[in-house]
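Here the structure is laid out as structure tokens; the discussion comes afterwards.
Letters A, B, C, D and E mark the chains in the order given here, with residues in each chain numbered from 1 onward.
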Amino acid sequence: MKELRDLATKLLAEGTVNVVLGWEEGPRGVRPAFATDAAAAGRLVFDPRCTQNLVPYLSPRRTQVKKLGKAAVVVKGCDARAVAGLVRETQLAREDVVVIGVRCGGVIADPASPEPLSPATVADRCPGCNSREPKLADHTVGELPAAPPGESRRDVRIADLEARTADERWAFWQDELGRCVRCHACREACPMCFCERCVADKTQPQWVDSSPHPRGAFAWNVTRALHLAGRCVDCGECERACPVDIPLGLLNLKLARVASERFGYTATDDPAVPSPVGSFQKDDAQEFIL
Amino acid sequence: MNLYEPYRVKIAGLVDETPDTRTFRLEFLDPEVARTFDFKTGQFGEYSAFGAGECTFCIASSPTRRGYIECSFKTVGKATTALRDLNVGDTMGFRGPYGNHFPLERMEGSSLVFIAGGIGLAPVRSVIWNALDLRDRFKDVTIVYGARSVSDLVYKRELEEWAARADVRLHQTVDPGGETPDWAGEVGFVPTIVEKSAPSATNAYAIVCGPPIMIKFTLPVLKKLGFADDRIYTTLENRMKCGIGKCGRCNIGPVYVCKDGPVFTAEELAKLPPEF
Amino acid sequence: MARIGVFVCHCGENIGRTVDCARVAGEIGKLPGVVHSVDYKYMCSDPGQALIKQAIAEKGLTGVVVSACSPHMHERTFRRAAGGAGLNPFLCEMANIREHCSWIHEDREAATDKAIDLARVIVEKVKRNVPLETIRIPVEKRALVIGGGIAGIQAALDLADGGAEVVLVEKEPSIGGHMSQLSETFPTLDCSQCILTPRMVEVYQHPRIRLMAYCEVDAVEGYIGNFKVTIRQKARSVDETKCNGCGACQKACVVKNVPSEFDERLGKRTAIYVPFPQAVPNIPVIDREHCAYFKGRARGMKKDACGKCKEACARGAIDFAQEDRFVTEKVGAIVVATGYELYSIGKDQPAAGLKGYGEYGYGTVPDVIDGLQFERLASASGPTAGKLLRPSDGKVPKKIVFLQCVGSRDPAKGIDYCSKVCCMYVAKHTMLYRHKVHDGEATVFYMDVRAAGKGYDEFTRRAVEEDGAVYVRGRVSRVYRDGDVVKVLGFDTLNGTPVEIDADMVVLATAMRPRKGIEKLAQTLSVSYDRHGFINEAHPKLRPVETNTAGVFVAGACQAPRDIPDSVAMASAAAAKVLGLFSNEMLEREPTVARVDAALCAGCFHCERVCPYGAVEHKEVRDRKGNLLKVVADVNPGVCQGCGTCQATCPSKSVELMGFTDEQIYAEVNALAL
Amino acid sequence: MNATLDKTSFEPRLTAFVCNWCTYTGADLAGTSRLQMDANVRIVRLPCTGRIDPLFIVKAFERGADGVIVSGCHPADCHYTSGNYHARRRFAFFKELIEFLGLPEGRITFSWVSASEGQKWREVVNDATARVRALGPFSGYPGTELPAWPAAGAPAPNPAPGGGGER
Amino acid sequence: MNGRTISRSQLAALVDDLVGSGVGVVAPVRAPDGRLDYRPVARLEEAVLDGGLPRLSLKSLFLPPTEPLFSFRKSGPDVAIDSVPTTFPPRLVLGAVPCDAAGVAALDKVMGWDYRDELWFGRREATTIVSVACGKGDASCFCGATGNGPAGTRGADLLLLPLDDGFAVEVVTPKGEALLSAHAGRFGEPPNEADVARRRAGLLEGRVEPVGSLAPVTAWLGGHFDDPVWDGIALRCHGCGACASVCPTCHCFDIVDEPEGVTRGTRRRNWDTCQTARFTLHASGHNPRSVQDARYRQRVLHKFSIYPERFGELLCTGCGRCSRACPGGMDLPDVLGAIAARAAAPAGGAA
């Protein structure tokens, strides 16, 4: 923690950056901090409650954050993939951000929860994580903690869903997506949803009904998942943001597996690795095409 | 039937004012509504292109002309594009009249100065005809109207009519560069022409409508000419959906534009937060 | 305000038989925005078109739908008609109720219902059509010719003589191609080099031809009229501006035993060499694989292992440090004339699906050679100076067996086509042989003799009748070395008897294949090729020298096996096509191109990644004060070909393909709701 | 779609998104060759499969299609050289997603049909139609009704078969 | 307390009676993921009374996330309109959380001023709301500060206060009284007043709300639109509007047309939120609220200044859902506390 605070203070003092995006104690657990002075830098924390990915704040559309000046951002390994995503898709110049990596032993699913990190509280993406130390970082702080506790539940859930009949899956998802109120919090919290105007807000024509009826919810969730196919960085923010607890991560993970199995792509914090969107192999599998 | 169900109206006529601005004359399909429908000048309505949605414009015709209403609109979005696709004889929807109005009754016995820019003439036109139809109740009537170019002037036929009337002083202008070789009117921005024509502020009211930038520069001119802030009226065009004070979209600070407006005095406007 | 006119065509009985056209017109007439809907016997007839023009004028139509045949048949017709009546041609569309309806359904009810649907879909689309202007682009009046064989030479000369600038790219050190290797040519037996070399010199000296030998096309961007070609100039290790072709370097070269490509490995050359004496340009090249200097360098030696050529060169033209260079050329058209190579007879096959002829002993029996090698043995400029001597021991062969169709017409070996020239050159070979070795016996195994062509059949008959070649109809099962002789085991299918010949030499007439690497070049040029690698012509009968990519033409044996007259004829034809293209100052193109809405574009550049044409460029968006707000995509309408992949890829749909906008497609899909 | 239709008399509606150069032309060839086929398919012509957005397919189902066909040039045949390769990736993601969401198999048919494959186009049309006919009307596609107002004594909406328990 | 008692078994029987007589009963139901949703129930056992806040507030039962306003059919130039019903079959909400019920009551004001929203009031009139006093508050709750409290009766027709076996029943409205008298046999004697008082007090025991009195905040907000307190207030805010979705009083909506083909379609009313840039964006590209600070300020002002000024009550019931739902760590009590501090600071001084 001291290492992080000292580094943030130094970067601010040297004028290397004008603001450090990190986490601080808030009224409900930790919350994002926009530290512009030493005092604020001295309040930065990193612990398993730092679940939130701060990279969405680096989107060029966040004009108010941009106005604060050049930023450093504290990232976990998973968050670093989002930085890479923004760099890969020319939303952020690598040299315009200082990346402070934190070595991570897993975070808890609900950052407001007072419970400690445990197999019961750990975020779904953490067990088995292989990017606990960001490679993209300009600075990396902290000791590498023990590996995240517990086992991934989502692998089991995907396997379970895949084992069901199509009708059962259909019923499952109609029920889950049926709660969607089309607030689009999933989109706003997503580091990779940086469009100037989302296709769901396009009215001429209205491809995606704006209504939160089952049809609109289906169209939106299909669209969201597809637009993140091969781009999702698996930071879990969409699912965390969803006020009605739709398991969006399952859709993302399913498509991440498609990207990996069909196109050999895994989300990475190396911006030089091309995403499967915009590339192809002549021998991509096409068993589903007659 | 609920609040949000529109009257069905038939397009009885249309005029292309400019390449992207069109005026519809609308007649109510329900004869009872046609007979009883009444409104006051400055009020607005929600116009439907069924399948595309609603859009908000003031009623551009005068309440003195009964049996129909008129609206003028520029093609900018989905609904206006769909409205433009309609032909004479087609059915569209209308909800209204909504909102407050220009207090013409209060202005009786006074001179009226109308200042409008571009399609901002639409709400003003309603007041103009209302006043002209009751001409003997008002003193001088002055109209300053400008647009970016000659082809952007709306209601050209009526401008000719007003120009020909002895009881109306009409100053037409286009922005520098917008004139044609045979343009007989003024060349210059509306505030400049207002200053030049210098209508008397004595016992007069000003009604100003147009793009925000025009209003911004016209208000000081009016002030200089001696118009008090509470004798200058304008209308606001915030985004609206319901038109009846529920949907929350048209709030400017504590004001619901759809109910407290759309007509405001300059005095009232000055007190509002700058969110319009 | 939509005012759509719909015109339903009966196409005589073609549509009318199964589709109730009057009902289609009636139903469509009830749609919102349709102000005119009629049916007529033949819409494409003059009176039919007149109906459209009249309705446009009288009803003030804002869009026209012709419900008739495929747009591939008559879209141009009706768009021209609409244009003639003052309507923007792109406000006219066709609903295909013939190919896609009346011709494939018998149930009149179902077919009529479907025709109504199809027409409604297009009506809804047309409502969203916007006027478009044909794109006009300037033409760069320079041509690129790829390949310096006889086809490329002919094309280059015709083009240059026709007034066009030409860039001729040849990957070998010299132009001339296979024709320069031939001894004599059929059916006249005139000397190949004698007729070719003057043309080579002409190329070299032509003021409008830029000859780029020892070069390869690396990349091609752009489109018809405006290609940008990147050409790799391979390092010769010899400064072309200094070399005067004196040959001193070759004399000095210590490496003298490199198998000569020009002599089909029957002769030797030095490491620094010109392929043959009449080479154009007459500038040597260092074969770095064999050169002692470079071999030393490759072994990591600090000291120069050699340098004799450099010492020998009085003009200081040897440049060991030379590297590949890239130059770009702007051209308006491209002629592909990369020629052929012979089917590799051994087991080592360059392409999947091809099998070798191990049973014929090629490569293991020195006296089994292919046709080109025979040409070199027979050529006065060849390794034997024109004396016919067999490779193994230099003896004069008294008995030569010629095998036709080695590879060709043999689906089992992977090639099912006829190589076309072999029957003729085998006949020629027997004659050359008999002219040089009067007592020699020439036996030809053939499947049949294909000698269609002016003077061709006479030529093959002459081989038999005047020069005594023995033609045996049948296949050879095995060729092997037996002491001093080459045993040929075959079967005479006319007599039904096995044939066994003790030959001194065997010549295999192997199949012609396109040049190695043709697929890569074709992909670079975005032209299609068949499964053998031959470039596809745009139409086998009507557009034989065009490809499916506008502005790219094809000549010679890279399109299919061709002999010299065919290749030359194609080359002239291609040149004529290019000159026709160049006779226009501007080209007209359909305005089906993508446009980016800069306000909505977030600049993720997925569109750039998927664009097959590199049409997406970067554009800076600045505020009034000049501050950079963002960098967005921008489509170069001249380069865009209108596939629309960008739009489907764009997550926010900030790019629209004109003619197939989201609004139009949405309207079409929406129109299919019951 | 009218879900009450007798299944045996049910004639499905299929929307086909095809490229202009291969499949549309192949369908033209089928016509020229007078190859009789089911009349259930309505073609929407696009320049290239590269232009086909999964949104089109979603919208087609929203507008009552019981099935969708997507067809274009074979790999390496694309008129625009690579539009179909990009489309293939897009369709792979879409197909896997939509199946994961439980869309009944057989509602969507992907195919490559070249300009010379009129015969194949007929097979694609007839097979797809037969598949969708067997599946019945797609009345299960999400609609616009919310289950908000409880009918008298209506049971709580059943948490999907197997939809509960494990979260 | 003016009421009666009802045992659990009698309450179960009451539900059976109601369901049997065709009244829809809605109650908090445990979803497979453990969260609560207001859903129709057939029997009391399905309901979870006093289990805390359901995911979405009670407002969704009266202003559904989406609802049709009417449908239309076109034929040539003509359009026919098919209305939707504005009367609804009877319904009972059992187990409304008091802060949710209070939200519905607050919304009656805006839905009824001048123009009366028939769809809202049609549902209101058809629905009887039975609240259950809340014992599940957490650190984000501030219902006390909004004047309601865990046993608040605002918006409820009846209020149930849990006893050892069953509930004390407080009659709040004539509609509640009607329910009680129609099913009088199900209800028992009035409860022990002292016990009720003790239990009421117990609900507040140990509770510390994250923000104190809101009166100074409301008083201060009106004149401080441009105060520096707003600068950077929403840096953390994603503008996602999750807060508005879960809020019992956020009622902004959108009206959209959804075509179902060339000739048919439906006009719908859908939830919307002032937290997105799109909300006020003009077709011209001009946006009166161009930054998130302005949008967040609008939300605060609407709840704590505009609405009180116009309708005499807060547009917030202190349920705390917005804080819990926020993915960016925005916390309304925290913001209100900052404003209160600012209001308390000497004029012009720093907060």
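A few remarks follow.
What we mean here is this: contacts are C-beta pairs under 8 Å (C-beta built on N, C-alpha and C of every residue); 3 or more make two chains touch, one makes a residue touch a chain.
Computed from a predicted structure; not experimentally measured.
In summary, the chains found to touch both chain C and chain D are A, E. More C-beta pairs in contact connect the chains of A-E than those of the other pair, out of A-E and C-E. Seen from the C-alpha centroid of chain B, the farthest chain centroid is that of C.
Between chain A and chain B the centroid-to-centroid distance comes to 49 Å (mean Cα coordinates, whole Å).
Distance from the chain A centre to the chain D centre is 32 Å, each centre being the mean of its Cα atoms. A separation of 42 Å divides the Cα centre of chain D from that of chain E.
Along chain B, residues 77, 87, 90 each make contact with two or more other chains.
Residues of chain D found to touch two or more other chains are 53, 59, 63-64, 76, 82, 86, 90, 144, 146-147, 157, 159, 163, 166-167. Chain contacts: chain E has residues 33, 65-66, 74, 77, 254, 256, 258-261, 268 touching two or more partner chains.
Touching pairs of chains, sorted by label, consist of A-B, A-C, A-D, A-E, B-C, B-E, C-D, C-E, D-E. Against chain A, in their complex, chain B makes its touches with residues 77-78, 81. On the side of chain D, the complex with chain A involves touching residues 53-55, 58-59, 62, 75-76, 82, 85-86, 88-105, 109-112, 124, 127, 140-147, 157, 159-163, 166-167.
Across the complex, chain B meets chain C through its residues 14, 84-87, 90. Of all residues in chain E, those touching chain D in their complex are 19-20, 22-26, 29, 31-34, 39-42, 46, 60-61, 64-68, 88-89, 91, 123, 258, 260-261, 266, 268. Residues 203-204, 206 of chain A touch chain B in their complex.
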